[in-house]
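One chain, chain A, appears in both complexes that follow, with chain B as partner in the first and chain C in the second.
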Partner chain A sequence: MTLKTLLTGAALAVGLAAAPALAQDDKTRVGFIYVGPIGDGGWTYEHDQGRLAIEEHFGDAVETVYQESVPEGADAERAITQMALNGADLIFTTSFGFMDPTISVARKFPDVKFEHATGYKTAPNVSTYSARFYEGRAIQGHIAGKMTESNVVGYIASYPIPEVIRGINAAFIHARKANPDVQFKIIWAYTWFDPAKEADAANALIEQGADVILQHTDSTAPQAAAEKAGGVVTFGQASDMAEYKPFPRVSSIIDNWKPYYIARTQAVIDGTWESQQIWHGIDEGMVEIGEITDAVPAEVRDEALALKDAIAAGEYHPFTGPLKKQDGSDWLAEGETADDATLLGMNFYVEGLDGEIPQ
Partner chain B sequence: MDLSSINPVLLLASLIVASTPILLAAIGELVVERAGVLNLGVEGMMITGAICGFAIAVNTGSPAAGFAAAAVGGAGLSLLFAALTQLALANQVASGLALTLFGLGLSALLGQGYVGIKPPPTPKLDIPLLGDIPFLGPVLFSHDLMVYLALALVAAVWAMLKYTRAGLILRAVGENHDAAHALGYKVVRVRIMAIAFGGACAGLGGAYLSLVRVPQWTEGMTAGAGWIALALVVFASWKAGRVLLGAWLFGGVNVLQLNLQAAGIAIPVEYLSMSPYLITILVLVIMSADKSRAPASLGRVFHASQ
Partner chain C sequence: MKIKLEKRPQPSRRWLYLSPILAVIVTMLAGGALFAALGKNPVEAIATIFWEPVFGEFAFYYRPQLLVKGAPLILIAIGLSLGFRAGVWNIGAEGQYIIGALTGAGVALALYPMEAWFIFPLMIVAGAAGGLAWGMIPALLKVRFGTNEILVSLMLVYVAEQLLAAMALGPMRNPEGMGFPGSRNLQEYPSAHNAELIAGSGMHWGVVAALIAVIFAYVLLGRHILGYHIRLTGQAPRAARFAGVSPKALTLFCLGTSGALAGMAGMFEVAGPTGQVSIDFNVGYGFTAIIVAFLGRLHPFGILLAGLLMALTYIGGEIAQSNLGLPAAAIQMFQGMLLFFLLAVDVLTNYRLRLVPRSEAAA
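Right, the complex of A and B next:
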């Protein structure tokens, strides 16, 4: 029994030592709620790079805290509440599924500012921010259409939410433009992060003939699966995933949150923070296109870069008509571009895609 | 819909690969629970095994050394649990949960330098003649050694529990530790050995993930596989054969549903996605309608003086 007492004592001592650190104030405290581990090599990793950029930029004036691998759902509310109770002034909740928990906690803490990534619900103290990942998807789709030899492109989707559906549509439209025979096979993994399942999904797609894999899940497992299979092209998702350069990873979409996080922290310090809805793309630098490697033929690379420049300059919108919905009904007329409201709520496939979107 | 794009040979072969990690972890936990100890730290031991195995395999270039290190790592972590619950008589549920949290943190720390590195490939056994049999050859005889080791382990655990004196003692300790103690068996010693075995198996399962199935190191990469292994033991009513069936069902339906999705079958994805859990639980619950029950001393604290 003595050992148990000893351990309890030790645990108490650690707890007491940690307590004063929470008590002091005057620093601005910025909190982050992550859906995966910071070492996922993708989505959460880039958000954490943004957090580190805040620390570097503000030095001692700002203190950051984070909690990783927070499940979407009821537990998220507990985690966000805990962070607000511990004195956070600004809290970034970085996954779509944190939307309702964020709104509900924000109601209880009117003095704390909240920033929710990729959602659409706001409040006086809740902003939303997201990146126009579909601009990057269009470029990936173009490369995918040019690179595939089997004309089968595999797509590992996560959850059937507008952001993911938008990505599938943008990639498909541009893959079809580059290669009229291309087909998409889509797997819904129903997870943002589960390396084993992502690898299984990639393998299932490869076994069914896909030689290009696009992913909307956060880990690098599909890259490893593609490398193991050989001859399969992949793209980095959310982060550069440079470890798999130059092949299978031939390019990537990189989410760059750093400038935004620094600006919003500054706004809280200055007292100028206001609720807003931000949706930035390649133009503002929130979406970056990772190096297109030599595994891609030079002319395809040039086309992809030209597409990127046109999107950045605002000369070209990835959703430009004529486009039809999957059921054959008209969506966009010749030359018409999609408005943001439709894009933000996108719940349909464009013409040519097989299968149904889970509801 | 195009079912012809699914190749049954590849499907069955991936089924076996997909079920091996949970099979290894579950068979270890089965032995632990049959000895009357509830170790909820399977997830933590798996992920510790995953990084230990990965790190050693990368550094030595030998997957075999990696798997050995994974077993040692998993067993080492489980001994911490053994010390807390068997020597300090701490609560097993709390200690097990703490072990999972500790294992996840420790593995993230150990794995910092290993993100994005490729492990040495684990060679597949090329069994002459057997491997050339059409259909059966690629399905059954074209895997790496660990797959067969896992199957051998299931058979060995089953035989040990059913036919050997050691198995009888283990079960006696798990069913009624006071009686076993009165007969002169070393309850604590037996349980510590069972816990270490369970840890080693969980470690191997984790390493199978990081060295063969994925293969790479990513923080938190087990993503709940340890909890599935734990549930499997309960639904398999603590029987080795059913653990094997459950693992194959779970792994198999999981791989199958991904393949059906890719083939564009007209079943709503939500149903496909929940099918591995549903089918596994359903089959095992129906099978356990007989008189099987949990070991009577499961989760109870033992001290010779009480």
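Right, the complex of A and C next:
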């Protein structure tokens, strides 16, 4: 490689950030990097609904692009770079594993804004956003505790990261409150989306006596497995999964990214975009509780809705003491609520849960 | 008239080289039809995949990426091709790739934050040794107990994946990662970072190693007695035994070498483009390399070209996804077609088509 081509390369690299913005007309380009296929019916599906909401809201003023099923790692870095090169003004990277690639690309494109979902690293042009899914988990846990007859609740977990552990704890605390005899059986699937593995996990849990299954994975395979087994309750995850209504799916947690995506796109258009860390819940509408079907007794439904209203109003925090950790040590005193820093780094089970978090 | 397949007395040398080219052309046609069925302009889609990364507006970024994506494929495929020629089927390169990454990264993480010149060379040795050891499991089992190396090496991929997850969550987890899985980022550890040799060129040590492996394999197969034994064993096992070739030694050599090369590829990847040990570290290079080996006719220079072509379909495919809105599954189908058509067209190497009159065909 000659010095001249090197210099040309360097000059191009410097010009990178400015050039695409000039090359485009005044349309704002918004890009999305998805970890799964848009047809997963769960996590990625809801992000794509958010993308479509942007298109509908802004019409011709905004153009959106996306790339689905992007592996976390080196390939993600290329996919994000490619979007930035092609003139994206705002890029949403919608999986935890895209964190380091997002930060790395953001360094090379200071004029492009980045939004990374569920991570913890920020930069002047990188925001993070996530939803307080644990608020929804608390409501699910209550319903699960009331609905189980075998007193065994199965839980399909994805990866042992704080977000997932938080969900297990929130669901368990409220299931125990509703039913002191309830036990949780947890299977770690080590995937966000793999219908075959998720179905295997659901079947294994059902064989172990679970008659309620909660999932932190994105496909509808557990719903299908429950339907086949009969008499097993499930909840929609990330998306409503309404095709399994009214049974086995009796309710759901719906991630609603639409208002946030529209607001952030508007901020880029207005030039008011700033780096921030957002963690919204039921109150702000980022977490929604899908219809609780008639398969749930009326009184349980009323209790669940009351719990939802209390959380939304800020009257009740799902992690309120007295709570102990699994090893019996004290965590929260009577009336004390968990602070966000502890929740964001949660790496322990609460008292009563069996088994260990994989290390 | 009827078309008849007639076995050639000798495999056609011409078709040996023509069939990959024909396979690429047929793949373009069938892929174009697939894209058209999806409502996209087939010419634009094919042009995006094959033209855009090399000559398009942002080629200055994509060309180096071809090396980054192609290097591990070539390095692994070179190792596999030695075995494939001798009839030793290592299907578990993905597992050897993972173990090489773990041992290589393990050295770096154990020595962190020490800065010294010998760390990176030590990581290369450790990566190769890790892959070699993982490849030796099916080799020794085959030599000692006559197990099937295809099954054993493949099953060990899943064992390696579990080990990877355990490492990312446990011993190798970043102590400053706030409880999240994944190791420290080696890109931020200068002594261990497999950085680009010239900024923006995509050339890292893994690319250099792949090129050396290509030349080394070429010399080995063409000039060395061991290469002769490999070829002879693949073509005529009985004759090879009479010529004094030990099939056991050859099995150990082939699985060991391919394991070591796959392990090195994993180490270069974890220390460079990927940067960290994470649960989803492996993205299928070990399996795609099997396609690359066959697409390259098990010939070192063929593999070099095939690896770059495969990298092109990956990168071009990503551009097509993002720019034209093609679904990811369509791109994967397109890549699958390539091997499918290659195997189909390969018939022409050993058979020729002849038009025969009906009466003769009946007789």
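In this section, the second predicted complex is superposed on the first by the 335 of 359 C-alpha atoms of A that agree within 3 Å, B and C clash if a C-alpha of one lies under 4 Å from a C-alpha of the other, contacts with A are read in each partner's own complex, and residues count from 1 in each chain.
By our rule, a contact is a pair of C-beta atoms (placed from the backbone, for glycine too) under 8 Å apart; a residue touches a chain by one contact, two chains touch by 3 or more.
Computed from a prediction, not measured in an experiment: that's the story for all the values here.
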{"item": "Three-chain arrangement built on chain A, chain B and chain C clash or fit", "value": "clash"}
{"item": "Contacts of A:Glu72 with chain B and chain C, given as first, second, both or neither", "value": "second"}
{"item": "Chain B versus chain C as contact partner of A:Tyr129, first or second or both or neither", "value": "neither"}
{"item": "Touching partner for A:Gly355 - first (chain B), second (chain C), both, neither", "value": "first"}
{"item": "First, second, both or neither for A:Tyr190, with chain B first and chain C second", "value": "both"}
{"item": "Contacts of A:Ala204 with chain B and chain C, given as first, second, both or neither", "value": "first"}
{"item": "Touching partner for A:Trp43 - first (chain B), second (chain C), both, neither", "value": "neither"}
{"item": "Chain B versus chain C as contact partner of A:Thr81, first or second or both or neither", "value": "second"}
{"item": "First (chain B), second (chain C), both or neither touched by A:Phe235", "value": "neither"}
{"item": "Touching partner for A:Phe319 - first (chain B), second (chain C), both, neither", "value": "neither"}
{"item": "Of the stretches 75-83, 273-281 or 327-335 belonging to chain C, the one that collides with chain B", "value": "327-335"}
{"item": "Those residues of chain A which chain B touches in one complex and chain C touches in the other", "value": "1, 37, 69, 160, 190, 358-359"}
{"item": "Footprint of chain A on chain B - complex, ascending", "value": "5-7, 10-11, 14, 18, 21, 87-90, 104, 108, 111-112, 115-118, 209, 213-216, 218-225, 254-255, 258-259, 261-264, 268-270, 273"}
{"item": "Complex contacts: residues of chain C adjacent to chain A", "value": "58, 60-61, 65, 68, 165-166, 169-170, 178-181, 185, 187, 198-201, 269, 273-276, 278-281, 283, 315, 318-319, 321-323, 325, 327-329"}
{"item": "In the complex, chain A residues that touch chain B", "value": "1, 3-4, 7, 36-41, 69, 154, 160, 185-191, 193-197, 199-201, 203-205, 207-210, 219-221, 224-225, 227-228, 242-244, 354-356, 358-359"}
{"item": "Contacting residues of chain A [partner chain C, same complex]", "value": "1, 6, 8-10, 12-13, 31, 37, 65-69, 71-75, 77-79, 81-83, 85-86, 96-97, 100, 104, 120, 159-162, 190, 344-347, 358-359"}
